[in-house]
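Look for chain A in each of the two complexes below; its partner is chain B in the first and chain C in the second.
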Partner chain A sequence: MTTATATAAPLGRLLGAELRWVLRRPRTLVMLGVFALVPVLISIGVAVAGSRPGAGLIGQIGGNGLVLPIAAITLSLTLLLPLAVAMAAADAIAGETASGTLRGLLIAPVGRLRLVVMKAFGVLVVAALATLVIAVVGVVAGLVVVGGADGQLVTLSGTSVGLGGALGRVALVVVWAVVQLAAVGAIALAISAFTEHPLVVLASVLGGLIVFGVLGAIPSLNWLQPYLLTSGWGAGADALRDPLPLGGLLESTWRALCYLAVGAGLTTYRMLRRDA
Partner chain B sequence: MAAGIAVAGIVGLGLLAIPAGAGAAPQLPPVSAEDLVSSVLAAHPGPLNGTVELDNNLGLPALPGIPQAADGTSTARIWTDGTSKARAQVPSGTGERTLVADGTTFWSWNSADKSVTKAPEGNRPATTPEKAATDPAAAATEAIAKLRATSVVSVDGTAEVAGRPAYALVLTPAPTERTLLREVRVAVDSETRMPLQLAVLANGSSDPALQVGFSDITFGPQDASLFTFTPPPGSTVTTPDQTAKPAKPEGPPAGATKPTVVGDGWDTVLVASMPRQDAGAAPRRGSFDLSSLGTPVSGTWGSGRLITTAVAAAIITDDGRIAIGAVPEQVLTAALAK
Partner chain C sequence: MTTALTEEPQVTTALAARAVGLRKVFGDTVAVDGIDLDVPAGSVLGMLGPNGSGKTTLIRMLLGLTRPTAGTAELLGHPMPDGAADALPHVGALVEGPGFHSFLSGRENLRRVAATEPLLASREIPAAVDAALERVGLAAAADRRFRGYSLGMKQRLGLASALLIPRRLVVLDEPTNGLDPAGTRDVRGIIAELHAAGATVVLSSHLLAEVEATCTHVAVLQTGSLVATGELSTLLDSGSGGLVVATPDVDLALRTLREAGATAYRAEGAEPAVVVRDGPPTPDVVALLVRAGVAVHEARRTRANLEELFARLTEET
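Let's look at the complex of A and B:
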């Protein structure tokens, strides 16, 4: 077994190198641009449709712009954000295997564990950046295009929250969503470590999410709900309730951390035993 | 090591799936059923807040506007200051209904259309499904008060409900009662003697047909701002006409006579007459065609349709009368024949 003895490069420099490597990829930048478009498009749609109340979270945005960032994150979390994370994870290990560049990293004087940390960091940065882009553009578009309710957030419970409180709730949803995406990313990295085809990672993550969604919609499989990562993803809307109910957010966070442990464990297990 | 982390994650997922409150029965000093009942009827728990869970297996069809009536689980968050001020929030997937009684005014908020209904306290609808679903303590106290005369009351050990030790009070119908129900179980908080959970069990099933109770509860002073309501910007406020009855789909329709009560205790039957709808008039919004339900029955009392669920039966006669009760069909027809 290879042990992490020869560690010439400091961790900070490794992470910096990975960060440059991830952020200089044109596809990452294009993806972030697309994420910025999500809240903009929703806000234009809502502004054109007028402030008629409608169904779901989108219906709450009319005349209540500060709902937009939370609604946009919740909507993107179903497929778009996991897609971005799966893409980053696919590139991180399977992509480098396919292009032959992983061999150089594996024989370089870098501990295997450090390599896993470095790759996971790259995926986490993509997840955090994508969520932050939606949140920041969402707040701006919500206030400028839709217009806030007197600069306040009207919660689903019918109370008003000031701008500071509303931004705090958006920050809470961002942190919560990044933890959920980290769980997706960890599983994607584990798949990425076991295959040399990036497409397999994308297909299994998206296919898995769709299967989870179908399983969660079958009433006779209710007992399965606590095991499905996606079953807690509606909890993002809880940030729009007042007083803030933390139960659903905490439970889905615990579930995500369990998935994170499984993904991280499998990734490390595979990478420590892998031949160069 | 790495494999251990993965296994720990799987174990964690398994732990998350274990339902809360599956612990051992708490040890409590024994209490007689009579003492327990009288302490429940005299209990004043004071200010509290909590989450109420309604588990419905009645087998009713989904009624428009009352999602709580259909089978399934619904939750509500409630706050009360122990007197007349209360707040209830009934969340749905991406919406919420808020009901606030601030002592003088009754506010009702619906996030789906951002509407606020404002009514003076005295005019508030007496029994809405939300109210029944959000106040298990009152529902259980009422059930005990109404049923104790015709029941065998016993204490069936202890249980932990909403994280609090509780006595299990069981009301079984007296042998002379003709009812579909097997028993009503009430979990009574050992300290405050407040009912924490009410379960209705029907004959031939071990799972409750209806269970409403707290899934968590905290006693203590509540934030006074919770018992006020300010219509948020962008909402529409309506004040229902003071003279008209509240136009709620679940309220008694205008023109219906006051229902008569036949029998008492477990085999109580309510007989009411339904308003005659104009032949050409479109069905009222929120009402639905009852004639599509049930099986046809007839007898000396006339003819109609029988609708049965696990815990109750109803007969809607062709001449517009309705008899309903937690009783078998024979008791309903006897009540209609009177």
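Let's look at the complex of A and C:
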């Protein structure tokens, strides 16, 4: 007690341990593999359909491969990506409680606040990796399987953007999607902090997204739109317009940051008090 | 508390753990009902009690895993749970069974625990993990998945995580659960090593023989209350001081003895008898009973073992 001793393990080491734990988990790896398949499958579908013009975002991909990563991310954002994030958040706290390992972390001790940081980091890594896998595989599959207009992106507005500009737009969509997923992850982590059953987290997050989707589709509830996280999720396709309209992307980002703050606050509040 | 700390520092530092009026209520259930307990530094304290007597809840409050409803818990001189950052690095614990991830090997699980240990430098982790695995006899199975471990191996891994670094206090909740006789012997050896190294060990167990063999101090819990605490030898001596008087007139004997200020109760067993404790010397007791008209068939001193002591403490009233 007279000599100064460390009262906490270095934060970097904790984050490293969390990262290793997340990436060693078989379900994380399987999930990332599935995400790699999404753009591949779309590209095969588009290539098989040939030059017949399709409807919607997918229809734009034909002969314009660089649309693929953005389309794949937008499509996956509706359910698949949130599912991945919810799963990571469910494992992060509720799962650790269920396997009796949360107790070990608290006894080590990992301070309760640091534990929240560590867990949030793990969920964020999963969100970023899942989105990046879709983006990278999407770009490759778009260029190789679908083929581009001379390596250029033809925007919805009809103009052409060079490869560099197109990759910049993909990166923008990736960052935007990760922020949206971070909002989902923060809420999921808060639920995870309140329960010891990982399934409850999955069910609440997916149920919540479906309810949001239904509420957003009811015209008389239009006034609810600004409060629903999902109502801005179509904004990813804005990256395919020229000049790039930032309004929708920014608005949905602000909304996501509000959800993120609420989720982080609730998680911290609960974890500082939770029995283990 | 603070005044006591400044006036007699040697007293506070000599306690590895301390509970003062500790109470925990879950809904309508009182799990721990006002426990005062001192765990002297360097002791091996056996916590005994039937299932549901509050042993684990008490341990969880001492470790800061759950906040007491009332009272205070102290660990190595730090109030819990607020002083957790100062106290817990020096504490190794195995509470409510070993918790590990089934998809990682024993070594990987232990490295993850090691990464969270404040007192372990990063470069020392691999060696510390290997040493801990060696110490609990898991070195050969270290690279197998935890999923495939037997109950005893899981328990050994839990023990290894508590022993990753030299500790000032080690808390073991039912450490020999699921262990074979060799494993039980190993655990006894480890407890003896810890004791020899000057560490304090708090051990909860339902195996009385194990406590009797390894502990210097005992705390007996019953429905959330502490019914006895102290040095094992003292408690056993007080138990052996009991005088068993075989007599058919049990009720009259009890009344007479209690009027004379002795502690007396009905003895268990087939033969009618009373047990007298803290009373006058044996000849006086016998004389007293005979004068009162009690037929005394036999009077003898008994040597209690922990099992009798435990049974008496937890089954009375």
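In this section, the second predicted complex is superposed on the first by the 269 of 276 C-alpha atoms of A that agree within 3 Å, B and C clash if a C-alpha of one lies under 4 Å from a C-alpha of the other, contacts with A are read in each partner's own complex, and residues count from 1 in each chain.
Keep in mind that, in the parts below, contacts are C-beta pairs under 8 Å (C-beta built on N, C-alpha and C of every residue); 3 or more make two chains touch, one makes a residue touch a chain.
Please read all numbers here as calculations on a predicted model, not as lab measurements.
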After the chain A overlay, clash or fit between chain B and chain C? fit
Chosen between chain B and chain C, the partner touching more chain A residues is B
Between chain B (first) and chain C (second), which does A:152 come into contact with in this model arrangement: first, second, both, or neither? first
Taking the superposition as given, does A:57 touch the first partner, chain B, the second, chain C, both, or neither? first
Is A:189 touching the first partner chain B, the second partner chain C, both, or neither of them? neither
In the overlaid three-chain picture, which partner chain does A:239 touch, first (chain B) or second (chain C), both, or neither? neither
Give one of first, second, both or neither to describe whether A:268 is in contact with chain B, with chain C, with both, or with none. first
Of the partners chain B and chain C, which touch A:68 in the superposed model: first, second, both, neither? neither
Does chain B (first) or chain C (second) touch A:226, or do both, or does neither? first
I'd like to know which partner A:174 touches here: chain B for first, chain C for second, both or neither. neither
Closest Cα approach, chain C to chain B, once both complexes are overlaid on chain A (Å): 17
Show me the residue ranges of chain A that touch chain C in the complex, using the header's touch definition. 1, 5-10, 13-14, 16-17, 20-21, 24-26, 99-111, 273, 275-276
In the complex, the residues of chain B that touch chain A are 1-10, 12-13, 16-17, 51, 77, 89, 91, 93-96, 98, 109, 111-114, 116, 226, 229-235
Which positions of chain A touch chain B when the two form their complex? 51, 53, 55-57, 59-60, 63-64, 149-150, 152, 154-160, 223, 226-227, 234, 237, 241, 243, 245, 247, 251, 254-255, 257-269, 272
Under the touch definition given earlier, write down the residues of chain C that touch chain A in their complex. 13, 60, 63-67, 76-77, 84-86, 88-89, 91, 93, 95-104, 108, 111-113, 115-120, 122, 161
